[in-house]
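Chain naming follows the written order as A, B, C, D and E, and within any one chain the residues start at number 1.
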């Protein structure tokens, strides 16, 4: 366990370092933030002052070293646009994104598992074929398009759900959360579904494949030979086994969910990290971009860790020590 | 079957499309946003209507199909080649090579795909080739991971030992014996990734990167029309959407068939 | 019920699989009887229909397969007439089954106690605690040391032999009247196989449970079974008491089978072999399925052979059995 | 019946031929070496150790030309590993493998390649050992072509000959492996091995997966080929009956070590090692009716953590204190009969 | 009614800072206008009106005097005096890390003289007619409150206290800002008790939010939704011609080959055709501006022939948008030696101005028709603006949000780029005309408004005749609200809650 954690930690450090360097160079290559931030009527003098103020007058490698030095002390720099610590900005926005991603994951499991189970148990029924065909939609429809359709139908036409924004929030652990209020939940439904779309399809397919494979296993037949009821066979013996790949993949996809929240958040005006990062990229707010990606990497590594831990909880055969 | 038709449409678009939607001289904004079935200024009927530039949607879809397929299949193919080679190398060599390649994979996978593509495109600029490059950079890791996984399993099979026992050259073992047996999962991943690449390209176009506006892909057509959704001009976004859908479904079907074809068990 | 009353009587059982490629007659006319406390060895080569016979008895033939004919009389009741719920009540309770591969029969993600307790509670209204007590006893019975701790383990923490013993313990939980053991020692080592066989012998002797022991290994049956039924291509081709069948086989296939066992041959000499290979069940020739490999085949073998009782309790599906040699033996 | 006469020949010459393969103190360890993180953790005091499997532990073995050596042992005792090292697929972690008196690791280039080709292996699983995506002609013909044993023009005829020799109809050669039965597949495997003209075959449980009636066919094929091609065999099997029928000499392994080695008759009549005795006692025999089974007590220990001293001591009915601490040496107790048991010292 | 107590409005551009001097950015300015006041305010049509200064005058050519409004208090109660103005002017150039500071507006001030608590004098190096206009960009802070206030203090609300009509209650970065009416406001009392000011950057989502009733007021109405909204009974629109001109910049810098111009065979043209005024004029008259306005902008713009719309100071009367005349264009091209035309790439952003990428495609169509085969390339502003600034393009679309004064566009867009004078900051085509420079210089020294207007009109006419840029149109600013609200539209695009009121009974916002 210790080794495992240690190994992860070292990998994390390497990846984070590589990532920060990549992003530093990447942002530099894209363009000059001053050009974008500065007022168009600003003259040469003003321009130079701004460049110096943002610390962009040094050669890139020096900027990177300065950044590294500060980063080691926990300071990831200040946003050019907001003039606030980048880390703080992101952390402020994080709960919104996290709860959206969790909501989406939850929705994906809630919808995907039963459908996948059904399709797996009755592979030849027309309902199952319908489910599988529809699940292709989840892979193919562009997120932004579905998002707007949802708004059109459920907010504008039917008026059932609020169209955009985060709604009422309640405070827990000093952070604001939407899921604690009814209004907040109502605001969350559509973006979460929108974000979940891809995952629902994924879960359906994984579940179905898992069910079909597991049903053929000797231990399922043995469970039936023990005289267990079909419900117990399905929901205990089969289900627990298919949960393993589902949890693994869904967990690993969590990082992707957060990344894709960029699109969903901008459509549903959801004030999360995704919107922040896309705005930041638009104005080349490098400190925020760098900090965001470093946090994402850390989060990704943490998620992988959690997935591995869950995996070993679900699958007793996997001992953590033996995982490379 | 459906896929064949789609592929044919894509290939022969320049000959069968009523209009060349990429030639600005053939477009007229005065014909913009016409409803399906209207007769335009130049005298021919826009069966699926026109978009805001006066582009015939039917022609736009045909050409867009071409681009979307090129981007999707092209990126998937290259990413597959790159990823599969690296994954193979990692699995067969093991040790340090394996470690290095897999760390690279980790790095790539932890970098949110869409952001990576966004930054690459912002850096490279727009263009079909650049989109393909961005998608390759974003996707190779999936293939590498898949191939490595199945290669590690296949490598322990006795037929590989038999090949070693026959003192066959390593290269031959990797490419003639190992690789073909790692293909099925790769094809599953590839069909999914083609669909994903097409969708990703659409999203990138929506975010203002992606392919040039004068040469719209299906995704860009949808993204363009999306703004007119609220005002009831559904056709600008709807028909390309349908085309995209049919394409992706048929790619998935082809993937399933391909997997069967490559499976010698099902060969006559 | 007296000692000689059959626990199970299978009559002309037919189980067919209706696949796309055609009807696979996996079991096609199988009859045998198992009595209380006795062991029936069901022998045959791979694909001859042994497992399907076992599944037919406990009613677990999955589509596209189904029982197409015959009777399965368990303590006089025809199992085919029972509803699924009634059948489920028998399964794991009165009739238990043990599978071939001990690595695969236990659910890898559930603890041993879960898998045992659920079996107890499926057929008996008892508290968890009592169910656990029974599970513990059953483990002790099959010789697993410190059953209390073992209950909390997962299958992967057990060796193959121990897993098979756990499977046997599960089969024993409700003291069944019939156990179907489908090649339970094939995957095990000789020394461990000995342990399991010993366990099985003890069981029959002590509880009067009837046992069907499915195997392809004549040697195992020789030491264990009372009666034997030899299957070939979905049919029982010969049956009778073990010593009679092994010492004086009637059917040419049985003769060939026994002949090809190395220890029945002179060392270093070519083994007596049966030429050709097992036929595909999809397109069996009319008549005797063995006739293409049979040295005694005659033109009239093309007519489906009957299965007469050549001697008391000795049946053979052949029109020209090895009666002379038997006399000689 | 004339076959029976010639079949007796190899037994007579056993031990007389020159050694074709010699193993000297050969060991194979599988270990996961610690990476930096693990070392760091150990430095920090975490209980981290390297998992080492001693799959094969200090084995000496000589196989003479023309001999059939049977290798018997329980699952996981290292039989296959030993076979692989003999076949040159796997390098030993310690010790040397000599082929015709030459260390195979010191050879280079074409010599090494040809040496390797002279030893071929037949595998247990007739399904896994054939590449499912190659046709029979490719499977059999690839290596001879690559190694220049045959020209492309003559390949077809060559493959046909190999198939025929293995008892297969060459008409099937355009098929894929899955279109054959297990016995036929094993014949394809044999044809593949024979196609590179070996003089030594390692058969790793080559008939274990086959039906009894098919098993007899394949065993007969092996014996026939031995006569025709003057082959030497290392015949790995857990089926004592098969080994008894086929071998000139039997080697018994337990947890990576050779515990007993003797001519076949010796073993079956005067087994010395308690493990061998238990093994023989437990083998079901078709002639034994309604016998009482007992089983050797205890489980097979894990090779990661083998018992100290004599590996068999926890299950041995005669175990003494000494067995717990000292590894018994493999010593000759009768001409050509060696055994590794401390009991022999008391006599 | 109760509904009128809270106004929920959604804006399209995110507010990044509450600090009024940190980042010169319209959305920030709009919010700052709600919390703070300026000495000089502007009305909807961008005319200067008294703010915290009640009157101003030129005392002597180098000295401006501003009389301050008495009795004004900050939200936290402290009194507004001349000292606060002096403090503010000293803070403006010294906001740490500011990427786009307001210092350009205070730089002409050489010295601040406090005459009395409500009179202040500003001394400049030379005559400076733009002083009131510049000061209409500076929001006044309180010395006591804001002495050491950092940008973060403003964002968190600790220091967000001004003299404006609203006090900020809460601020959720990137999401929403909540305001409460300042009942002690010196000017017109706002009509609502509270304001919920939300940011919805996605255009379609913003419209949808209005239609769904989640918000009552939105700005930056996408032109694609205009047609529908105009017919929707539940919705009212408010619009006015803005100050933002959309134009094409041309490469004036190179006399040799321009990077994106080739002949019809793809070979570089050795001499930059754009240096020839006939070519420039041809390109200009080739464009059907009305068609772009009608079809692309859906009417939400006015075709332009100069920098400023009618009604704004120094607008040139009679200088209309050139009429489309493809024949004349072809003639001009032929005269310039390009009877077969040439090829050109027209660049533009795709995420900056309304329909930017659509406009360049339309222009591309029109140019192609006169024989100038045009390729169109749209890219994100991030990459575009840098490249444009490095003169990498031959022709490009860009916009300019003007101050209501001709010198502003002239000085920044077409004056010769000059570091010392600070001119030509946005002259990305590097147009240079000494005659024009001289005219601008004279105008900028003229304190008499009438005379200055005349000078500026002459200069603009010259720039247009020489086709220094190709003006396309001036955007119309559009807001949409639920029926029952009225809004005073602003030419400067700012979206402020104080401009929204309940509509007079039966009245419409239009």
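Assume contacts are C-beta pairs under 8 Å (C-beta built on N, C-alpha and C of every residue); 3 or more make two chains touch, one makes a residue touch a chain.
Model, not experiment: these values are computed from the prediction.
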item	value
Distance in touch steps, counted as few as possible, from chain D out to chain E	2
Chain whose average C-alpha position is farthest from chain D's own	E
Rounded Å distance between chain A and chain C, as computed from the means of their C-alpha atoms	53
Whole-Å gap separating chain B and chain E, where each centre is the average of the chain's CA atoms	42
Length of the line joining the C-alpha centres of chain C and chain D, rounded to whole Å	32
Gap in Å, rounded to a whole number, between the CA centres of chain E and chain A	38
Chain A, residues touching no fewer than two other chains	30-31, 148, 152, 156, 281
Junction residues of chain C - those touching two or more other chains	none
Touching two or more other chains - residue numbers and ranges from chain D	none
Residues of chain B touching chain A in the complex	103, 106-107, 109-115, 118-120, 122-123, 192, 195-196, 198-199, 202-203, 206-207, 219, 222-223, 226, 229-230, 237, 241, 244-245, 248-249, 252
Touching residues (chain side chain B, partner chain D) in the complex	157-159, 161-169, 172, 176-177, 180-181, 264-265, 267
Chain E contact footprint on chain B (complex, rising order)	24-25, 27-30, 32, 52-53, 122, 125-126, 208-209, 212-214, 226-233
Of chain C, residues touching chain D in the complex	45-46, 159-162, 189-198, 201, 216-220, 222-224, 226, 242-243, 246, 256-258, 260-275, 277-278
Complex contact set, residues of chain C against chain A	58, 60, 88-93, 96-97, 99-101, 104-111, 114-115, 118-119, 122-123, 154, 156-157, 167, 170
